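A, B and C label the chains in the order they appear, each numbered from 1.
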Amino acid sequence: MARALKGIKINPKIKIEEKDGISFAVSCRHCREPLCVKGCITGALTVCDGVITVDRNRCVSCYTCVLSCPYGAVSPSDDGAVQKCELCVKTAEGTPACVRGCPNNAIVFEERE
Amino acid sequence: MAINYLYPEYEAARNYDRCITCRACERQCANGAHEYVDEADKMVCDDSKCVNCHRCVSLCPTRALKIVKSGNTYKENTNWSGKTIDEIYRQAESGGVLLSSMGNPENYPVYFDKILINASQVTNPSIDPLREPMETKVSLGSRPHNIQRDENGRIINNLPPQLSLSMPVMFSAMSYGSISYNAHESLARAAEELGILYNTGEGGLHEDFYKYGKNTIVQVASGRFGVHPEYLNSGMAIEIKIGQGAKPGIGGHLPGTKIVGDISRTRMIPEGSDAISPAPHHDIYSIEDLRQLVFSLKEATDYKKPVIVKIAAVHNVAVIASGIARSGADIIAIDGFRGGTGAAPTRIRDNVGIPIELALASTDRRLREEGIRDNVSIVVGGSIRSSADIIKSVALGADCVYIATGALLALGCHLCRSCHSGRCNWGIATQIPELVKRLNPDMGYKRLVNLMNAWRHEIKEMLGGMGINSIESLKGNRLMLRGAGLNEKELKILGIKYAGE
Amino acid sequence: MQREGQVRIPSGCAISGIIDKSGKRISGEAIIKSISVMHDRSNGLGGGFAAYGIYPEYKDYYALHIFYDSVTAKRECEEYLEGRFDIINLSKIPVRKIREITDEPLIWRYFVTPLPTRLADSQLDEREFVARRVFRINTLIDGAYVFSCGKDMGVFKAVGFPEDVARFYKLEDYEGWCFTAHGRYPTNTPGWWGGAHPFALLDYSVVHNGEISSYDANRRAIEMYGYKCTLRTDTEVITYIIDYLRRKKGLSYEEIASVIAAPFWKTIERMPPQERETHEYLRVMFAAQLITGPFSIIVGFENGVMALNDRLKLRSMVIGEKGDKVYIASEEAAIRIIEPSLEKVWAPKGGQPVVVYLNNPKGGKA
């Protein structure tokens, strides 16, 4: 059960887009040819085992990646560096949290070629 | 309206210490009961819209919500209860027939809860289902009178078409229209995996589901919605619906707002038109007409499918069943007065019909007395709630049971009984696409499979406890039952003894 | 005291059977010796024997053995019989008064054949006619109970240990090609002679060790076909099921075993196609005649015996063979006492029928 954190504004790495009765969750697509990695001036964004990760120490908050991502999946975080879905590899939970939490199994974690 | 005659019966009680104003409840309630008030930065609830479906309660991430009785009390009155008074207010306002959904909730006796099951000890060892074979397989259909042998003396298979089930349970009729496409898909896939059957109900069969034909019973109801030769041949059996436990004597009703798109196409009626099934089948006014219909359906399907006749449990159900057993039908389905429905007039649902336990006991006895019990198999429904109810039904004489409410509960239904509004928050009894989406068939069918597997295991445990290793040896075995809290007459009709005898 | 019809009595007991395939008749001594070895398996509340081939002079007539509670019952019953049968001979069954057997009813024996006109009027075959008359007497005439009604065979039973029952009936004076015996261990006190085993209908006699869990399911089904279960003992229903499957449905004894001790579905699935189809058919067609619960039975019939265990083999049964003789018993000791050196000793599997036919069956068909 989630704890009631009151008065705290959260900036999630996954956002819901909805219109006309259609809704879906948008998070980093871990593209094969990522525009964000291409545009990163410091090399903070890298591809590691297919997962696009953020090195917070290198990020200088230029927000180029935020502008380049065609899905709008990158966003600023509270401490300045950018944040995005990293498939929960840093939290070492196994199944990503959004997949586990979706009550209708709308988000599915799959291997892609 | 200036005067509020009707005070909401239930309230959503919110624990404000836990509420994080995530607004999930607001987004999820199809009745618009919850609202975020900007100025106060707070969630509030309009209780008059709450139907007590628990959608918000189940999805609240911090469990801040619960539904409680509002506690607005009338002066105590055994005769004029609050509910009775409210019903009069409603009718004074609308001038219409009261409509309700799901089964009879009134305080009539539940005979299953007064029947106890035996176990073997000492003189007869009980059997351990984990270590010994325990068979729950049943075969429904008619039995021929004589054995026939070929020239070599070998027995010829002269059995009429049978339905073979891995356990004595089937999913009962719920029409496409009263429940959603996703609900039907969940039922069909679960039936396939379990090796049992599900029933199309009177709404016809959607073309996407023809592929589950091996696990389908197609229903022919008085409105004949969706009935064409391909439909008849697509399933494993045909069920003629004469009546239904929740509303004996009248036909089904699906309002025009629900008749859109696929529903209208599957039912073969124009969009927006009310689908009101006539009370009788207009070609069955007597038992001989039923016989004609049974045989026309058999002709149309080349005598390859067994025919089921479904009736509601009414006062002379045993006599009616006897007539049906002689009409060429292979299986009789009896629906007790607790059966569920998408929508029915409240008075008929709550006052018409008899309990399935009594109907089953007297039908089984009557058919045996007339020597025709072998002509048909008996399937019963109308509130089978657990594996214990199944054991008791089989011991009273049934071959198999139908479950419907139980199946919907597995899919997420919370018995809020507002199906007739068409805004089911769980995606079951609705056609609104955003709501239907909420029931994921991939998850739904698994829950049904889980439920049935659990029941099958419990049935095996109880059978083993009685020293029986095959469900066929329980059929009609009333000596395995005893009553507690039943009077002489009830014991006599059920044909069981009192506990201690 | 309640008659057995009102209360259900499970059986824990002893059974034994001897058959000489050549048809040679032996004295009842052997079976008495056999069953007395198993004394501890009974509690003295019931014992009985069935004997085949014991009435060679009257072998074409039905031998009715009847218990009467009173002289009035006897009169009523005899009147009934006279109206429907030609009574060739009647007499008391000779008994020996012994201390261990008390409270005996009147026990009479009649050799009868149906009156030709009555038989023709009834439009039934002879055996069905006799069976129906017997049911009539047992249900309608108070105090009269027909406990044996076959040709050239008879049942002898009473309340007491089987060896005492045998002495009472002077069983050693009878000679037959087949004897079966039973000693009873009921868990309450019946006190009624009719409740002991064997239970017989026409030529079928059944001795039974066990308790059927499916009793009420079987009873309800069989009563639909004209049988009346008056005794509420499991054995009664087994006898009727065998009579129904054999006489009315024409199944062979092996097929009957496949119905009452049917193989599991998993076993049937692994059978070759022809066999599988037959077994599937029998299980679906006769599902209500499946007998669940522990049992070991010996069924005597016109041309032999069948021994059968329930499919989980929850009761003991041993078969011994020597020459033309076949012995069946709940314990090997009961066989060895009468035939110390056997050619073959074995225990059949659960559900496997052992059918022993006479070398020259009567009427040619087995």
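By our rule, contacts are C-beta pairs under 8 Å (C-beta built on N, C-alpha and C of every residue); 3 or more make two chains touch, one makes a residue touch a chain.
Nothing here was measured: the structure is a model prediction, and the numbers come from that model.
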Could you tell me which shape the graph of touching chains takes: line, ring, star, complete or other? line
I'd like the most central chain, judged by C-alpha centroids against the all-protein C-alpha centroid. B
For the pair subunit A and subunit B, the C-alpha centroid-to-centroid distance in angstrom is 46
Please work out the Cα centroid separation of subunit A and subunit C, and write it as a whole number of Å. 82
Please tell me the distance, in whole Å, between the geometric centres of subunit B and subunit C computed from their C-alpha atoms. 47
Taking each residue of subunit B in turn, which ones touch at least two of the other chains? none
In subunit A, which residues are in touch with two or more of the other chains? none
Within their complex, state which residues of subunit B touch subunit A. 17-20, 59, 61-64, 433-434, 437-440, 442-443
Looking at the complex, which residues from subunit A come into contact with subunit B? 1-6, 21, 103-106
Contact residues on subunit C for subunit B in the complex? 8, 10, 12, 187, 210-211, 213-218, 220-221, 223-225, 249-251, 255, 262, 264-266, 274, 277-278, 281-282, 284-285, 287-288, 290-294, 312, 314
Tell me, which parts of subunit B touch subunit C in their complex? 120, 123-125, 127, 132-133, 135, 137, 139, 143-144, 146-147, 154-155, 157, 159, 162, 368, 371, 373-374, 397, 466-470, 472-480
